[in-house]
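Which chain is which? They are A, B, C and D, in the order written, and residues in each are numbered from 1.
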Amino acid sequence: MKKNQQPVYYGEYLQLDKLLGAQTLQSSKYGPPAHEETLFIIVHQTYELWFKQILHELSSVMDVFCEQQVKDQQLTTVVHRLKRVISIQELLNDQIGIMETMSPQQFLSFRDYLVPASGFQSIQFKMLEISLGLKRGTRIDFDKQSFYNRLNQSDRDFLEQLEQKPSLFELTQSWLERLPLLEFGDFKFWQLYRDATEKMLASDEQIIRSNPTLSDKERRQEIKELESTRETFSTLWNEEKYSKWQADDQFRLSQKALMAALFINQYSEEPLFNLPYQFITCLTEIDEKLTIWRYRHAMMVQRMLGGKIGTGGSSGHEYLKRTTETNRIFQDFFNMATFLLPKEALPDLPVSVRQHLGFALSQN
Amino acid sequence: MKKNQQPVYYGEYLQLDKLLGAQTLQSSKYGPPAHEETLFIIVHQTYELWFKQILHELSSVMDVFCEQQVKDQQLTTVVHRLKRVISIQELLNDQIGIMETMSPQQFLSFRDYLVPASGFQSIQFKMLEISLGLKRGTRIDFDKQSFYNRLNQSDRDFLEQLEQKPSLFELTQSWLERLPLLEFGDFKFWQLYRDATEKMLASDEQIIRSNPTLSDKERRQEIKELESTRETFSTLWNEEKYSKWQADDQFRLSQKALMAALFINQYSEEPLFNLPYQFITCLTEIDEKLTIWRYRHAMMVQRMLGGKIGTGGSSGHEYLKRTTETNRIFQDFFNMATFLLPKEALPDLPVSVRQHLGFALSQN
Amino acid sequence: MKKNQQPVYYGEYLQLDKLLGAQTLQSSKYGPPAHEETLFIIVHQTYELWFKQILHELSSVMDVFCEQQVKDQQLTTVVHRLKRVISIQELLNDQIGIMETMSPQQFLSFRDYLVPASGFQSIQFKMLEISLGLKRGTRIDFDKQSFYNRLNQSDRDFLEQLEQKPSLFELTQSWLERLPLLEFGDFKFWQLYRDATEKMLASDEQIIRSNPTLSDKERRQEIKELESTRETFSTLWNEEKYSKWQADDQFRLSQKALMAALFINQYSEEPLFNLPYQFITCLTEIDEKLTIWRYRHAMMVQRMLGGKIGTGGSSGHEYLKRTTETNRIFQDFFNMATFLLPKEALPDLPVSVRQHLGFALSQN
Amino acid sequence: MKKNQQPVYYGEYLQLDKLLGAQTLQSSKYGPPAHEETLFIIVHQTYELWFKQILHELSSVMDVFCEQQVKDQQLTTVVHRLKRVISIQELLNDQIGIMETMSPQQFLSFRDYLVPASGFQSIQFKMLEISLGLKRGTRIDFDKQSFYNRLNQSDRDFLEQLEQKPSLFELTQSWLERLPLLEFGDFKFWQLYRDATEKMLASDEQIIRSNPTLSDKERRQEIKELESTRETFSTLWNEEKYSKWQADDQFRLSQKALMAALFINQYSEEPLFNLPYQFITCLTEIDEKLTIWRYRHAMMVQRMLGGKIGTGGSSGHEYLKRTTETNRIFQDFFNMATFLLPKEALPDLPVSVRQHLGFALSQN
């Protein structure tokens, strides 16, 4: 206890007068209070408090990656904080179940008083999306239009500025590009890797051709899909083709960054790659949990409104469902398995490469 | 304790010798055992045990509805058992997180040995889908084709027979149709209801037109969607149109059943409708949980395989995601909110109608 | 949308300026901000918001039971709201896992600045305990002492007034006592019940005596425990003995109320008793979840502090663990199984009794 | 796909004939089947399958620690597998909620047929306890007695042999003792540490003495507890005293091991200690989850049986609750916070010590 420290009282420390005085029912303004409006407000308020916490963690993580060099000790902290974000996301996903204790009919008793407020207007949620790396261009049409014109001017300005700053996606990409995982002197890692993938795809093809439970039609379809996987692989080694795919949003990461991430995934048990692997895995899970949240949220809206319009004046659930496909950020990590080889098919790393990596990474 | 009762021993009662002796690794047949194959087997085995439990509950519920008359006391039991099913489903959804502790690379170390086995071949899961009411016709194309040709003959025969029996969907539909909720002598309930909905839609239209945050383009879009809701409502009162929509799978329930369900939803706090409402809500939640399971399962498969083919020789996750839309069974309950009115807009039920209902329902 | 209705903006409706401006770090006053203090504050703030929601539901439930007559329609609402409370409690229990993402060392970096604030000072948590029915007399010694002297005067006065009002426990007890379940004209229900229990206990005794896996010492111990169960049963039929046990806190409910609750438990599938049974079960689960919360909270405190003192100046976890035993409220419902008979051992209710019950209950 | 590989069929691979044919109701032998007995069996069977999985992971972890040297790469794998165990434990804790969907009355309808089977007879659960490090001596009295005499001879022999092998507790202890964290040449780490703790305790004492919200009685009590913490600290530096406390079960770990664990906890963000810290944290969480399981299980038994005897002929819940205190294994890790200092109070590690540690650990 510091000298001159003032004694702290629980309720004052938590500013409970503000917090517990911030539930004003709209329904009360026009008639008797709707019992469930309190739930509606408190569910949204706890969401906003948790969003603040998530942004607090993300912002500290982004500060680390803004520097040229990221030390292992910092990665320990980064991974710890991202795991906390994931824990919070799990809670937020479960919290949808609490909103669902309100029946559609109960919602109808105050819905009209909330017009035209809308979850679209949650600045913190937009901050979360933008900080992670969602670009206006990749949002779906409806979202692009309405992303900004539902906001008041100061909120709009604030978010537009945020869009100019590097996102966690971009920071991660630069960091991956800086890792020395593409060239190892004489050791032709990527050539060996390429050979191994071709062998694996040939084996997959044989599996399809010899599978007795497939009809001819199915077999043709499977072979077609295998060809498309082969095509996907070939883009990895072809800079020009890769750029084209990237332009089409088939990849979001640069070729260099994707290959570095692939390398880390393949050698994840190496102590050297343990923290980078955990970092990548955390980003993948944050994206996955966010997508699951979007999906459950869309279902909840559907159940609550059916074909009716929401308070913001739009029938949201179809739109919300589409965002589960379009608003993915770290999809390349998520799809990484496409390019993975079984451990026994991997080229052995020569001692000289290991030593070089150890040194080079600690200097990254 | 009954006379002559044999003493029971824990391990024998649970037949643990069978149970714990049923994990034979494929990888061990061709080389060193893959550590994670044990997890893969046990996750699937616990799923199958829980499927057995769910089928046990569903089958007892269906027995009740096979009878002409369903007593309130039976509904108590039915609701209790369906809630148990929902609890199990929550566990099954969380269980996906355990499978995800296996990394894609770990999966690759034994994937090839499992060819061409596939989750498609889970008879119990198919039984679950068929018992609930999923029809071959509504399955998506890929599923229609492969639903049966991956099974051995006896499994195929078994499921084809099951498809001939009335499903829980059909039994529920008949029960709803038998409830005397469409005619109340002189009391023109449905006419009053229709008037009230038209008033509500007019108000919604005004909300859209006066919403200052919408662009013109958005407003046109919203009005278009409102018109489609109006159209949807109008089908409710039009037998011919309803049949057409039903033929197009816009509705699955018959008009009579849908209207009875709507009535129950609207008057759910009436003690008389409490159990029927809980029953309908349970079915809605079972469908919702199943859909969330399908979605999380599809994401897990994507993360595990990326664009690779699965053990059954198909790149499953795209297909699996599509089933979240097509393989819905009680979607009409789920979309019921479309037709709901706020409580204060509802016609009051005259005493004579209440008495009539009380008597009629207890005789249903 | 009402005429003259003001348009609502998301952030204003939720009063986010207040809410998101209410996180002031103590650590910042004396040095660099402690990163984890934000988490500490937000976890507590979300708890307080949820406590407000729980109190909102409980208070509406208590209003219902303050009236002489509780209608079935009201019980529907009551059960719906208590189930919501249970859902919230599940979230609150899981939320402890988020606090646990803070390591003990991280907590130490700002603990000293919070002195002497303490979770004991959460007025809403005390309101929750008092509203449910926790009496100062049954609190454990340490709690009795410190319950009030840590609060400021106005908080203390507020809670002392609340202690004078009837709690949910007392309201439930009165309602149970008013139910006509103890006398049924000529039908000697409770005599038949007593005979059946004696038969069951005799059978239990035989099970113990003939169990070959018990040692002599164990068998003597088991027989002793059975005798104590027999003793417990006998108090049920003996008003004087019951009062003595009640005075010793062996029972909290009055004899009349306990027997009514027992009757409801035994005939829970009867539609007539379905809602009362659900109501009792909800109270049992609220008590259970609260106890699990206390237990997990105590473990979290132990992990965070070990033998150190907390911010309030006490080494809390031992005390907290003891509250899981003492601060139970609906323990008599929780222990109800002591008195239950298997369904086949129950006396059949004569038709005249059923009819009488139907009428009497609807008039309660 | 290997040459000559046999095609695999889902149901055969999972041996579903065995698995789904292993539910034989006892109630069916003596009368109509009790509907809920199926649930009872399947809940226990899924528990046993998951126990098998947990034992599979633990056994592979123990193999690693049986070797003289544990490499970082192996620690990566160890931590990964222990985290999987924790995920499974979370599922098992939630699974208690499914058993609770069975009402006490439903359980009574088949309880008598199971006599004298008992959860005590789960060999795998005993294996789990013994593998982790639970000793017969530390079990509570009742458990000591009945631990073995309820088992058949072969089960008894099997477990007695297992008790002779080193447990994970012992292996962890030896590994900690081997780490070179107690002597650092000229650097007097532990002397500095000791000085710092004394300063911290003096500050804690001042907090208590100046806390205006404490009554005199409370203050005396708090000072007494602080003295006991001081006493606890002093044992750390006193070999003789430590041995005495260890003999009294106040500590389970040896002094050397405890101090090594303390060092790791204090410097957990150092990349060097990141994996050891994660390993220790996993063991702490496994113990915590197991304790929460015991607690929830005890409450479930109480709710199901009240004061009645269980199928094994004992009134279990009081006993079960006591095991939450006695059957702790890694309690010293759990209580580690007692000895932790805030980061800013820690002695700085000189560069020479860091270098020495880096080398020494990689050779451990």
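Rule of thumb we're sticking to: a contact is a pair of C-beta atoms (placed from the backbone, for glycine too) under 8 Å apart; a residue touches a chain by one contact, two chains touch by 3 or more.
Predicted model only: the values in this text are computed from it and were never measured.
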(request) Supply the minimal count of touching-chain steps required to go from chain A to chain D. (result) 1
(request) Select, from B-C and B-D, the pair of chains that is joined by more C-beta pairs in contact. (result) B-D
(message) Need the CA-centroid distance for the pair chain C / chain D, whole Å please.
(response) 29
(message) As a quick test, compute the distance in whole Å between the mean CA positions of chain B and chain C.
(response) 34
(request) Compute the distance, rounded to whole Å, between the mean C-alpha positions of chain B and chain D. (result) 39
(request) Note the residues in chain D that touch 2 or more other chains, in rising order. (result) 1, 7, 112, 115-116, 203, 207, 211-212, 268
(request) Note which residues of chain D are touching chain C in the complex, please. (result) 103-105, 108-109, 111-112, 115-116, 145-146, 149-150, 203-204, 207-208, 211-215, 217-218, 221-222, 225-226, 228-229, 232, 265-266, 268, 284, 288, 291-292, 295-296, 299, 302-309, 312-315, 334-344
(request) Write out the stretch or stretches of chain D touching chain B in their complex. (result) 1-2, 5, 7-11, 13-16, 18-24, 26, 30, 35, 38-39, 41-42, 44-46, 48-50, 52-53, 56, 60, 80, 83-84, 87-88, 90-91, 94-95, 97-98, 101, 112-124, 152, 155, 311
(message) Show me the residue ranges of chain A that touch chain D in the complex, using the header's touch definition.
(response) 1, 7, 72-73, 75-77, 203, 206-207, 210-213, 268-271, 274-275
